[in-house]
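Note that the chains are named A, B and C in the order they appear, and that numbering of residues resets to 1 at the start of each chain.
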Amino acid sequence: MEVISIFIPCTVDLFLPHIAEDTVSLLRRAGVKPIYHKEQTCCGQPAINAGYREQAKKAAKHFIRVFGDDEKVVSPSGSCVCMVKYHYPELLAEESEWRRRAEELSLRIYELSQYLVDVRKVEDVGASFDGKVAYHESCHIVRGLGVSEQPKKLIRAVRGTQLVPLKAADSCCGFGGEFANSYPDISESMVKDKVEDYLSSGADLLLLCEPGCLLNIGGFLSRKHPGKKVLHLASFLAEYQETMNDKR
Amino acid sequence: MEKVKQSARDEILSKLKSAPREAVASRPDRPVLKELSLIRDELIEMFSKNLVQETGVVHRVKDRQEALEKLSQIAQEERLKKVMIATDDVVAPLNLVDWGKKNNVEVMTPQDFGNRDSYVDAVFEETDAGITGADFAVAESGTLGLVHHRNRARLVSLSPILHIAIVPVERMVAVYEQAIEKVFGKKESLPSQFCFVTGPSMTADIRGIPFKGMHGPRKVIAILVG
Amino acid sequence: MEIKTEQFSEVAREGLKNAHAHAFLKLRANFVRARRETALSTFPDAAAAQTYGATIRGEAIARLPELLEEFEKNALANGARVFWARDAKEANEYIVNLAKEKGIEYVTKGKSMVTEELGLNEALEKNGVKAWETDLGEFIIQLLHLPPFHIVGPAINISVEKVRDLFIEKINLKEPTLDPVQLGYAARLFLRDKFHRVRMGITGVNIAVAETGTLINVENEGNIRFSKSSPRTQVSVMSLEKVVPNLEDALHLVRLLCRNCTGQKLSVYVSMDNTPKKDDEMDGPEELIIVIVDNGRSKIYQDKIAREAMRCIRCGACLNSCPVYREIGGYAYGWAYSGPMGQVLNPLLLGLERTQDLYRATTLCGACKGVCPAGIDHPSLFLQYRAKDVLSEKTFRPKKRGPTERSFFRLWTWAVARYWLWNLGVRMVRPFINKEAHESVLRNVRGPFEGWFRSRDLPAMAEKTFHDRWKEIQNQNPEWKIQKDNTQV
C-alpha cells in the first residue's frame, strides 16, 4: 500500500484538527497509508508574508529535513503547498544544496484533492449527500496551483449531490492571513460579498479546500448567519461517507 | 580644475548601465498571426464586419464612377454643404472639385488656404465632412492606415464630424505588420505621422456608458473601390 | 499631485461606505472581465500571446540603457528634440520655460499619468500657463479637483447627475440633461475651441520604439491626435521604461494593451510620430520635443527584483481584476497610480515608509499577476517590499518594524525548528487564547486581534491538537504503526 506523508498546517493543527483526521480517513478510503511526522511545525508562510525571509528560511530547512525523504507529501492546504513549491526554491536560491533539495521536494508535494484525483486517480470515495453544494475556489489553489477541476470531480462523484455555481467562485474571500486582522473593514466587505454569493446560490453547503478560507468564511457565518455551514472538502466527504447500510 | 556637472542624460544612462545586468532570455517564437492565411475576399469580409461592429459604414464599389455616385448619395443623406478633402493619390484622380460643383457641395483642400491658420480655422469650423484616401485597410480589426504628408493633412480626417475614407481594395492587408513594413521600411523616408484609425471617436468615461464622437468624427464611412 | 498614500485606511473606509460605488464596481468587474476574455480569445493562443508580451517587456527592462540610447539616436536623427530630466523639478522647469519662451497661454493635455506624477499641471498653472485636460474623464476630474479613480477611467465613479451639474456650472451646458451623449457633446464643443487655437500640446507616450525613434499613442477619443496635430509645438513626456526594441514588438504590445485595457482589438486611434511636420505639410508640429523622465527610476533599476515593476504598460487589467480595488476604489491608493500597479510602483517612487499600506493591504490573491500582459508578479513584489522593511534597506526608504513583531518572530524561528518547543508554546498559549471561549467559540480575544473579531468568530483552540491526537489514532490502529524509515512495522 502506498505510504503518504501528511503535512498538517498550523491553522488545522491548532484550530481545526478534525480536518486532519478527516484527511487521514479520506486517504485511507483511497487506499493509502498516511503517516504523520511529529517533527513538523510550520511551513513558514507567516514569516515570509511578514517579510522575515531569514526566519522563513529556517522554517524551510526544517520542513525539508522532516519531509525530505518522503516519496510523496500531501496537505489539506493549497497555500502551504504553494509555499513549499514556489517559495522554498526562491528563498534558498543562494544555497545550492538546499535549493536542489527544495526543487526536488517541490515535485513531490500535493494539495489533497490534487493528489487524490491526479495521482491516486480516485474520484468516487464512497460518499452520498442529498442536496446542493457550492465550491469556493481558494486563491492559492486555483491560481497558485492551477487546481480547479479536481475538487469538483470529487464533489460530482458524491451520490445525490448537485454542484451549483457561484457568481464569482474564484474571487478572494478576504482572508490573506494578517490582512484580515490588519485591514478588517476591507476584509469584512470581501467576505460579505463571498457569503452573499453563497447565500444566493441556492446551495445547502459551501465547500472549500483551504483552512484559512474556512476560518474566514466560517467565522463570518458563525457571527452573522449562524444557520449556514461551510465545510472543508475532506470533512464533507468524511461526514457523508456511505456506510454499508447506505449502499444496500 | 572645476568639475563639469554631468548632464542629466549622462547621469541617468550611467546609473542604468552600472546597475546589475541581466542576461536577456532567448525569445520563444513570435505568436502566429492567423489572419495571414486569408484570401482577399475573406479579408474584405473580415474588414467590413469589424468596422461595422464599431458602427463604421462600409460600401463596396466597382470603380471611380461608382465611388463618385456613392459620394453623391452620401452627400445627400448627410446633407453635406462644405467638405475638406485630401489631395492624396486616391482622392486626387476623382476630381472632387468637379463633383462638388455637380452636387452642390463646396469642396476645399488645405492648399486652397494661403496659410496654416486659415486652413485650421476652416477645418475646425466650416467643414461638414473630411474626405481622404487611405494607404491601408487592415482586416484584423477593420482599421484604416493613414500616412500623413502634404497631400493628406492630419486634421482632415480628425476634425470634421464625418470622415469618409476611400480605399482601393488592393490596399487591403490582413495585419498591421504588413502596413508597418511598407511605411517604416526606409529610415530616410519616415512620415511625420502614421495613424491607425478604427471607426469613429468614442469614450465611455461617464459611468462606463459608451458613445461615439467624443473629439474626433462621430461617423466613419469607408468606400472600398475595386 | 498631492500624495495621500499615508491616508490609505481613512480613504479606503470612505470608499467602503460608498455602497453606490461598490455596486457599480462589482457590476463593472464582471462586465469588464467578460469583455477582456472575449477580446483575448481572438488570439489563436491567448496565454502564449500574454507570455510573449511579458518576454518583450522583460527584455525592454533588461536592455533599458541601450534601448534608450538607440531611441534617442533615432529620434534626434528624425529631427526631434530630446530632453532628459532627472526629476519632476527638472522636467517641469523645462516644460514651463518652453511655454513661457513662446508666450503660451494655455496647453491642451492628453491623458498622461507621468505628468500627474510630476505635478506638471500645477507647475504650469503656477507660472501662468493654463493646462486643459482633454480626455473626458481627466477633464471632469480636473474641473472637480479630484484625483483619478482608475488609471484608465479616472471619472468612472462620478454620477451622471454630478457631471451634469458640473457642466452647467463650468462649461455653459444649456440644457440640464442626464444623457451622457449630450453631456459628452457639450464637452466636445468646449474643448474643441481649445484644440482649435492651441499652440502647444502635451501628451504622454504609450510606447517609444528604439529602432526607429517612433512615439506611439493609443486612445479612443482623439484628444491626443488633436494635441499633436493642431499646435505648432508637441511635447511628449515619457518615463524611462516606455521604450521597446522594435515596431513588431510595439504592435504586439498594442494588441495586448487594447484587449487587456478595454476589451478592444484596437483602440480607435493609434498614432505613431517620427518627425516634426515636413516643410510642406499644412498641420502638425513644427517642433517635436521628447522629455525623458527618470524621477527615481534609475535608482529602482539598481535592484534586479524591484525593477520588474517597470514592465508595466498601464493597461489597468490588474485594477479590473483586484478584489480589494473593487471594494475601496482608486482614491485610497493616494497618488497617480492606483490598484495593484500603483501598489508595486508607488512604494518604489515614493519610498516604503510613506506607502506601507500599499503593499500590505492585499491578500496576495494573485488575480493581478494572472491577468498581467507584462509579466509582473505583484504578490512577489509586495513580499519583497515587506522584506526590505524588515531588513531596513536604505535605498528604499524603509520603515523599521516594531520590537514586538521582531521579538515574536525571533521566538517563532526558535520554535519552528524545534517541534517540542513549538508544541510547548502551543500548550502555553492555549489558556490565554481560550479565556473568552464560550461553547468552543471565540468571539473576542484581547490583544492584537481585535480586527478579526469585529465581524468574525473563531473556533477555540482545540484542547488536543492533531499532533496530540496522532499518537491516539495510531494506537487505535496498530496496523498503521510506521517505523522511522517510513516502512510499516
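The rule is simple: a residue touches a chain if its C-beta (ideal position, glycine included) is under 8 Å from a C-beta of that chain, and two chains touch if they have at least 3 such contacts.
Please read all numbers here as calculations on a predicted model, not as lab measurements.
Path length between chain A and chain B in the touching-chain graph (shortest route): 2.
Each chain's centre was taken as the mean of its CA atoms, and the one lying most distant from chain A is B.
Taking the mean of the C-alpha atoms as each chain's centre, chain A and chain B sit 54 Å apart.
Averaging C-alpha coordinates per chain places the centre of chain B 31 Å away from that of chain C.
Of all residues in chain C, none touches 2 or more other chains.
Residues of chain A found to touch two or more other chains are absent.
Chain contact summary for the complex, chain C toward chain A: residues 9, 12-13, 16, 22, 26, 30, 323-324, 327-328, 357, 360-367, 369-370, 383, 385-391, 401, 405, 409-410, 412-413, 415-419, 422, 426, 441, 443, 448-452, 454-462, 464-467, 469-470, 473, 480, 482, 486-488.
Across the complex, chain C meets chain B through its residues 24, 28, 31, 43-45, 48-49, 51-52, 55, 58-59, 62-65, 68-69, 72, 74, 77-78, 84-86, 90, 134-137, 140, 153-156, 158-160, 163, 180-181, 183-185, 187-188, 191-192, 195-196, 212, 214, 220-223, 225-226, 228-230, 240, 247-248, 251-252, 254, 262, 265-278, 280-284, 292, 294, 298-299, 301-302, 304, 307. The part of chain A that touches chain C in the complex is made up of residues 3, 5, 8, 12-17, 20-21, 24, 33, 35-36, 38-42, 44, 46-53, 55, 58-59, 61-62, 69-71, 139-140, 143-144, 167-168, 171-172, 174-191, 193, 215-216, 218-220, 222-224.
If you check the complex, the residues on chain B that touch chain C are 7-9, 11-13, 15-17, 19-25, 27-28, 30-32, 34, 50, 54, 110-111, 113, 116, 119-121, 124-125, 140-141, 143, 148-150, 153-155, 158-159, 176-177, 180, 184, 187, 190-209, 211, 213-217.
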